[in-house]
Each structure stands twice: as structure tokens, then as C-alpha cells.
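I have a structure I would like to understand better, so I am pasting it below and will then ask my questions one at a time.
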Amino acid sequence: MSEPRSRLVRRVTTRGAAVVTATILWLGACAGEGEAGREADEPAQFALLTSGPVSDAGWYAGGYEGLLLLRDSIGAQVSHQQTRTPAEFDEAFRAYGNSGYDIVFAHGFEYQDAAIRAGDLFPDMYVVVSSGGRVADNVVPVTFTLEQASYLAGIAAAGMTRTGLVGMVGGVAIPPALGTFRAFEAGVASVRPDVRVLETFIGSWDDVSAAKEAAVAQLRQGADVLVHNTDAASFGVFQAVREATTAGDSAWVIGMNGNQNDVAPEVTLGSADLRLPAAFLEVAELWQAGELGGRPVYSGMEKGTVDYVPNPAVLDRYPPELLARIDEARRTILSGALNVPRVPYVEDEIGVQDGTGG
Amino acid sequence: MKGWKRKRGQAMLERRLPVGVLRWVGATGLAAGALGLTLLAAGVVLALGGYSPLRAGTALVSGALGSPDAFLSVTLVRAVPLVLTGLAVSLAFRAGVWNIGAEGQLYAGALLGAAVGLVSPGLPAPLHLPVLLLAAGLGGALWAAVPALLKTKLGVGEVVTTLVLNFVALNLTSWAVRGPLQENRGIFPQSDQVAEAARLAPLWEGTRLHWGFPVAVAVAVLLWWVLKYTPVGFRLRAVGAAPNAARVAGRIRVKPLTLGTFLVSGMVAGLAGGVEVAGVTYALYEGLSPGHGYTAIAVALLARLNPLGVIISGTLFGGLEGGAGAMQRDVGIPAAWVRVIQAFVILSALAIERWVRARPHSVFVHPPSAPGGAP
Amino acid sequence: MSRTRSASRTEPEAELIELRDVHQRFGAVAALRGAGLSLRVGEVHALLGENGAGKSTLLRVLAGLQAPDRGELSVRGRVVHLHTPRDAWDEGIGLVHQHFTLVPRLTVLENLALGVRGPSGGWRGGMRLPLEHVAQRAREVAAATGLAIRPNEVVERLSVGDRQRVEILKVLLREPRVVALDEPTAVLAPAEIERLLALLRQLAASGRTVLIVAHKLDEVLSVADRVTVLRAGRTVLEAERASVNARLLADAMLGQEAREAYDNAPVLGRGSVVGGNHRVQARPGHTECIACLERVEVWPAGEAAAAEDPGAEISLDVHRGEIVGVAGVEGNGQRELALVLSGRRAPVRGRAVLPPDPAFIPQDRSREALARDFDLAENFALALHRQGPWRHGPLLRWSALRTTSEKLLTRYRVLAEGTHALARTLSGGNQQRVVIARELEAGHDLLVAENPTRGLDLAASAFVHGELARLREGGGIGIVLLSTDLDEVLTLADRVFVMVRGRLLEVPAAERTRSGVGELMLSASAAADEGVEKEAWPGDA
């Protein structure tokens, strides 16, 4: 029995090898033909790279929505790849460059070094790095001035706290995250300078339980309004506040990096919303106008990329004068009269320091 | 007079062809056959998920092999760390050392290698790269020294210790890129780029393939040669194959040999980390490896712990991972799906390999220890 | 086919098991080519044959471990097909394995309970071992057969003989009609062999059928009711005990010419030795001392079994041209002494002066002498790879190693498919030939042989004994033979020692008889054995 089987296996493996080899050769020949440059009337080609899953209902999902918006509004041909390691970044840029893509949205600061290398290699391709720090002729960091929305969130928090203590739970202490917290603090101080603000970084963007622990700790200290900037780990913060409220304490949570008012509607005060699609659209329009490149793009409240959105489900809990105060601050920012604090990290502004936020 | 079962002719088959040739044909045919069959099965899974297996398969193959550039810049570049860590695992397993810690040793190597690469103003230019690679090997060896000493001095099982140290190495790297090795601007959790002189040049201008590939191949050939032709390699195999016979009949001192093998295994895995830094990323990142050190176990097992086979199986896995990226880009299959397919292919390949080898009296039954065949 | 049927074949007595015309090939080797076997109720049946004659294969077929290429098996006249051990169990056939299958860290009782279904239908009944149930059953079986075992002892602390009894008890718990034992005496000391044979008779008397694979004619003749002899895969003799004698059986096993050649071999090595040994003096002219132990201790002080015997010191000179025999019940320090003498271990205390490359034949061939998954050239290389002719500077010379291996395979008449054959594919006798060939090629001056014929059949044993005798005649080498086979020591050795509790006692010439040495050996171990039957089974009290 083993004899016919082993002979069969040998036959199968030998033939299998032949078939696979032939297939590879054939496909190789086919693939070689399809790589010619794009004709002028063909649709634009946009690609998105993320380091996390686009099902995260947050940062990565927002980027993916932006990509889909470009497909639907401009009619661009789009593609997405989730990359895990720096080695994969180069490979993906190269693949898109070879295929003649117009813009690669590299959705995260982690891409910036590879983006510079890709920019060198493919002069006709733009690389747009979300929250990036390095600039080149065709490498464009996009900075979302979420600080503006975070400042308004600070005002809301100061208006709602009873204990005079509010908390901030952050993921990793990088400049974009730090910036939102400085702005939040400034917003709090603009209403009630006496309110103290706690700050915790959990060292991760996706450790839900660590985020929850940090939130619980702040609640125990007496904080009754929490804001987070922890991306996928934020569920832990929402969960902590929800449990505290169920247990009888009164506490609020403020979402960030997206409209999270639906995550826990009964305890969510509002969200420092980041509408990535708007920013993506802004970049695409700059590209169409031939104005993209050589300098960073700041996308904020002016284009509708960021805003503070009170949770409609609890709007009646806001004191009317607080809502008025938020609206007033928004107008001041848009008018350019108020520069929200931020932590600079883009190459251009490290020397220039301030003067870009609003 | 009917028998329970019949078999005949296996012996005839073995007599017609030299055993060595049969083994070689068996090994390569097996690898290709396993790949073909499992891809077929993966296609069925994809179809069930609503994706076109044909397009997915096309993307996979063309992403890995579709053009010279795909092969050189994707498949072979990805193969480098897999081959090196695969060699580390193969070597250890051959000596009966269950080193599951190639991942941690890779990180330790990358860490120490990057630290050397960042020295600026640098060492004399011609020395910088060799010193970086040396430091990387040293880092891996140091990382392996802990479980190696625990095993040989105290008898602590190495499976758990190496595994635990993987997480320690990962966290150490996270700390380093926020602390001592963080970029000068101090903003992002990554190091600055290593000196130009400390980088592995492209092997072929215009491709991403760097000198790390020939280095990996050279290490593979060296290990193969050592295992086959040197007394120490023979002793190592003896200790792995039959520790008691090695000690009593071979009068081999098992512990020093185990210790040495462990260190060299760690060194090779550390070299993988150094080569990644010097040849691909040019800087230290916390997510440097997506788990090469774990994939390495599959690479080594599929190669049946043969160093030369590791070159092939490492390239195979490199192509699989590279092609998986193309499946995302060209067909829009979500990353999670792609991972499932990848894992599926790996599991099936290993299972088929084991299954065929477990057949009694098949040509594949001979273990790879005979010096007349592959060592 | 030359098959001799005994007269009883024609009697109406029912055959319990009948195996007919069984064929089995392994690769190029035909293990069985027309073997047959018939078993009756209540008999002890011995299956004899040289190594490689197909005894073990036939047993595996009977136990459902091997489905043969061709052949027929019937139970009480009904044809059955055994594909798995479970099928064999369902037919009431239980196999006691040659290599034990006990879990060393568990107690006897726990081992017995493994794989036994509890009264409530097994593991579902609370997910625990049915210990009470098994203890009850074991007590019944023990009472019926006189098979006494300490139930709460951890298996790894039992002697080899006790482990074997546990193994047998484990099989008996399943109430088999046939108990088959594969070379059960190979690992036992003389006293234990007698105990075992008595147990087998007891089992047969209680209505079970016992099939024993053996290679020692005197054991077979003392215990069996009927005998089946295999030669080269065929059944060549099936007879009542009363109708055969040792010579007839040897002829059947070996073929007549071979038996005559074997009779003319320099030593006996088969069965009992009647008188003492006549080579009392170390032979003059070969007195150069090549290995000296001075006040050596082989056991760490704490491990010396008897507190009344602290500092068991061994002083021994081994000379060229002599065989120093060391007898003793297993576990008295022979193992440690062998390792020290062969340079594999440093003595705990004292001084050992040894030649640089002592040859060593360890008793555990498949684990310590050979790497089972290495091929033969590699196994030769284990001992040879350090030495000149097979090294080229820092490298191994595989071509030279292969040449040497081929030469040795031929010289020692090893039956193997060349130097690429894996060690595990060889029969026990051929494996031992490989070991001896290698050790004598690599080693010089001193040969330490530890139970060198354990598990070997007559012809293979005779070969080993012949080699040892030839080496002594050559005078170039000193030999230390450590064996639990008393006959072997008495027949071969120039000086005889008994190892008792780490001490080496020289046997005076006058007492150099089987009974004399046996008494010396057993006097030391008797104390230990006394405790055996005292411990109660749980639930007894």
C-alpha cells in the first residue's frame, strides 16, 4: 500500500513542480507586459498604506474612508496595503511606484524615512505622509491640526467637571498626541484655571486593557471627565467610564481622532472629530491644481477636517452658556485670532516653531 | 489465501536509482508538490470567502516572481532574514537544542548592530560594516547565552526561556528607540539612520537586493559544510540524533557542544537582525521583524533542517510573503485574509511534508543525516 | 517447505489460534515467507529462532501491530483480520512488549490504571483514573497467579524484573486468552528468570495460553509444553516438548551445518554450564597491567546502598591477554564500574590509570552504542572520527570512513545493505557485530564489555563469545566482561568477581560454580527482595 502511494506522491510532486514552474513562467511573461506607463486620459491612481487593520473604526479606518472618497469623488483607481515592518514599507512604495501610481498616502509617521527613499526613486510619484515630519519635493507631510478640536474639547470638559479634576489617557507620547493634550489643557484653563489635568500614556495604540486600567486609575483619583488619544485602545477608556457610571459615579468621556459619540452614547460628552476624508480630498485637490509638494500640508478646522462635535444624545446636559462658549472659541480660531498650542515636529516648523496652527 | 495488504517494488525502486539522487528528487519534488497542493486548497478557501482565486493566485505569483525586479527586490529581499533565522533554528535543532528564540536574538542583533552603525563620526569606513555585522552576531549570541547557560548549567528547558526572552528583546528595543538610540530630534520612536559606510550596498543597482543575500547563502553553505565535513559538525549531529550514543560511544562532551551550538545559533539569528538594519531599514525600529524568528521554525522544518534546503524554503516563504502583499494591492483582499491564507499554506506545507515522510519504506524515509546524501 | 508436524496435530484438541502461511517483506528483506503457528488452550508455547528468523515479526502480526502481505489467522477456527492492536485485544491476544511501555514517574497502580476502563464506563465517570477498580482487579489476578507487586511504588524505582511483572500484570488485567511475551528473559538475572518461568507455568495452569519468544534453549526446555521453531522466515519445526531435545532444536534453528560449526566454537555459551571453570590462573606471559584501579569508588558516598558498607573501594588490575569477569545482580554498581573502566566517567574517588582509547561495548546497544538514525558509516565514525586515518587535517575523510566501514562490515559478516543502511534497520545481532567491529577498530589495549550478549540469539551470542575468546588468545588486549549472565562469566573469564553494593569481591577458584557464585550474588540482594510482598494493595485494610 505504501509503495503505490509513495510512487503516486513522487509522480504528483514531480508533475506539480512542472506545472508550478510553467505557471510561474507564463505569469511572469504576462506581468511584464502590463507595466507600461499610464496614458493621460486614464484615471488617477491613488494608494493607501496603513500599519494596522482598516477595520479599527479609528485612525486606519479613517484613512481607508478617505481613499474610498477619492475613488468615488474623483474617480481614481485605488489600492490599499497593510504593511507591518519597515522592510515592507520600501517594498510597497516600490510596487506602487513601478505601477505608476500618482499619490501614495502613507498613513502614519512611521513611513517617513521610507517615503523619502521612495520619493528619490520615483520622482513622478507623490508620497503623502500622515502626521509625517520630513519634507521633499514630492514627499508631503500632512498635519491634522486636531489641536483645534482638542482645545474646544478642553472647554467642554472644564464646563462639565464637578470635581475640578479631568484626565487625559494617551497612547504613545509622540508629538501629535502630545499636541492635542497641550491644546486640551489650554482649553480647560481658558474656562477654569483652577481645574487640574491628569496625564497618562500607556505606551501602546492598541492595548485596550492598559487603556482601561489607566482610565480607572484616573477616575479613582476623582477625575470625572476623561479625554483620550489612544486610537484602537480607546475602547478601554470608554468601558472604564461606562462602568464607573453604572456604579453610580457621574463621569464623562470625550472621543478623539474621529466621531466616537456612538461608542458609548450615554457617557460620551462629545468628540474631537478628525475627518480624514476631508484632508485626503484637500490633498487630492492640491495635486490636481499642481500645488502639491515641497512643503507640508496643514489640514484643520478651516477645511472641515477637524471639529469638536458635542454628542447629540446628551446635548440637553450641556449648560447653554457652555455651548455658546464653545461656538465663540471656534469662531475665534477660524478668524485666526487664536493660535492653539501645538507640539511641532515637521521639519519646516521645528526651526519656524509656531505660526501655522490657525 | 488473501493477505491483509500488499506491497512490493519499493525495494526495486530503491535499487534502480542511487539513494542520494532519490533523496534529492524527493526533497525538491516534495517542496514543489506541497506548494502546489496547498495553493490549490488555499484557492478553495478564497473562493469560499468571495474572492477570485485566479486573480489572487496571479497576484501572488506575479508579486513574488512576476518580473526580475519582483523576484530580486521582493522575494529575495524578504528571504534574507528568513534564511538566516531559518539557519539559526536548523543548526540548533540539529543539535537537539530547541531554540525558539531566534526572534529575540534577531532583535538583540539589530539593537547592537544599529548601535554600532550609529557611531558617528564613524569607524574607518571599510571597517564600519564588518564591525556592525560582528556586533549584530555578538548581540544574538549574548541573547542566546542566557538560555544556553541556564540549560547547560542548571538544566532549565530552553523552550520556555528562549520564548520569554523574545518578549524581553522586543521591549528592550522599544525602550532603546525611545531612549539611548532615539533619533537626535527626539520625536519619533526610531533611531537615526546608520552611517553610509555601515550599510550593505545593493547587489544590483536599481534593485533592493543587497549584499545580505550572498551573506546568507554563504552562511548556509558554511554551516552545511561544517555539519558534513568537520568533526565538530559531526559531533553536533550525533548529539542531536542520539545524545546517549554520542556521550558513550562517541565520547563527546555534550554540554560544551550544546553551549557552543546555542551561541552560534544565536549569532546567526543576530546576524539576521544586523543585516536587516544594514541592508533594508538603515535604522532601528520597534517593529523591525514581523516574527521572522517564528516563521524561521517553519522554514527550518520544511527544509528538514538542511542548511542548503533552508535557502530554498526561506526563498519560498519570502516569495509567499511578498506575493501576499501583491494580493492586497492588486486584488483588494484584506490583510487579515491574506494572513490566514499564508498561515494555511505554511501549515499545509509542513503537514504534507511530515505526512509523506512518515510513510514507511518511502524514498523520503531516510532522515537527512547521512553524509553521503545531504547532511 | 520442510515442516515437521508432531503427532498431536491429528488429535481432536481444538486449536485456539492458528496462523498459516504468513508472508511479510520489509523493503528488500523477506522477514516471513511461510511462517505458521498454532496455539492451544492452557499451554506454554515457545517460539524459537535465530535473530532475524522472524520471531518478532510473527509476534507483531499476532498482536495486530503488523498486517502481513499474505497469510491467514484464525481464532477457534474462525478467520479474522487484525489491523490494529485493538483488533487483537478483541480476540483476547495480549502482548507483553520487549521494551517496556510503563510511565516511569507514575506508580505501579497508576500505570495499571492507564488505559483501563472503569466500572462506570471509563473517563466519563468523573474524569479520574479508576484506581479502586483496578486495585481490586489486580489483587484478584495477583492472588490467582502469585504475581506480587508493590502497588504504590514509583515505577522508575523498580528493578527490571519488577517492571516486567508490572507489564505482565497490566496485560493480565485485560483478561486475555493468550499472553505473548517477546524475549522476556533477555533482561533478567538468573533468579528473576526462574521466578518468571514459574509465573508463566502458573498462568498456563490457570487456563491461559502463554506464547514465549526465547532464545535460550534450557529455558525453553524447562518451561514449554510445545515448541515452534522459525528459520529464515519459515516454520521448520512444531513439536511437543517431550519429543525434542536441545540438539534437535539447535539443528532446527541453525540448520545442521551451522549447528556443528557452532559446537566447535571455542566457547559454549548456550545454556547451563555444569562444572566450574578450568582456567583458574591468569595465564603466564601476559601479565602487563594495562588498566589499574586504585581504591576507586564508583558510587557517590550518599548513594552507596548499604550504610554498613561505607567506602566501597575497588582495586583492580587488568592485564593483557586475560578476561576479567564481573558478575552480579543488576544495580550493584557494574554500570558505574564499566563507565569508569571505559573512561566514560571519572571515579568518585581513587585513581584510575587507563589506556588512551579503551574499547567499550555498552549494554544498551540501541541507545548508547549506536545512533539509531545514523547510517552505519556514521556509526563507525562515532568512535573513529577522532583518529588519524579518518581525518584529513581538521576535516573528516568520509571516503576513508566508508572504506573502513565496508571492510569491517565484510570482516565481521554484518548483514546490512551497505554502509548507507541506518543502524535501526539491523537486527540486534548485527547491531552488536557493528559495535564490536567499531570498538575493536577504534580501541586498543582494553575492552570493556557490558552484557555483550543481552538480547542476542544463540548464533550471535556465540559470535560475541568467540570474538572475546579470540581476542584473549591474541594477547594484545585486556578484557573486562561485566555480565548478569552468570554462565557467560563463568565460561569465559580467567578471573571472576562478583559485584555487590559497589564492592568487587573476587570469587575463589573453589567456589567458581554457578551455585557458588549465585549464592554470593543473591545473598546481597535477598534483603532488598524481602520487602516486595509486604506492602498492601489499597483497600486491603
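Note that the chains are named A, B and C in the order they appear, and that numbering of residues resets to 1 at the start of each chain.
Please note the rule applied: contacts are C-beta pairs under 8 Å (C-beta built on N, C-alpha and C of every residue); 3 or more make two chains touch, one makes a residue touch a chain.
Predicted model, so just to flag it, every value in this text is computed and none were measured.
Chain centres here are C-alpha means, and the one lying farthest from chain A is C.
Comparing chain C-alpha centroids with the centroid of the full set of protein C-alpha atoms picks out B as the closest. Remark: chain A and chain B have CA centroids separated by 34 Å (rounded to whole angstrom).
Work out the mean CA point of chain A and of chain C, and you get 73 Å between them. A separation of 44 Å divides the Cα centre of chain B from that of chain C. Under the contact definition stated at the top, the residues of chain B that touch 2 or more other chains are 5-8, 10, 361. Residue ranges of chain B in contact with chain A, taken from their complex: 5-10, 13, 25-26, 28-30, 32-37, 58, 61-63, 65-67, 69-70, 73-74, 77-78, 81, 174, 185, 187-190, 193, 208, 276, 280-283, 285, 287-290, 322, 325-326, 328-330, 332, 334-336, 356, 359-364. Here chain C touches chain B in the complex through residues 21, 23, 25-28, 67-72, 81-83, 339, 343-344, 360, 362, 364, 367-375, 377-379, 381-383, 385-386, 391, 394-396, 398, 402, 419-420, 422, 435, 438, going by the rule given at the top. If you check the complex, the residues on chain A that touch chain B are 1-3, 5-7, 9-10, 12-14, 16-17, 19-21, 23-24, 27-28, 30-32, 35, 47, 51, 53-55, 79-88, 90-92, 94-96, 98, 109-110, 112-113, 133, 172, 174-175, 203, 345, 350.
Those residues of chain B lying in contact with chain C across their complex are 1-8, 10-11, 14-15, 19, 228-231, 234-235, 237-238, 241-242, 244-251, 361, 366-367, 369-372.
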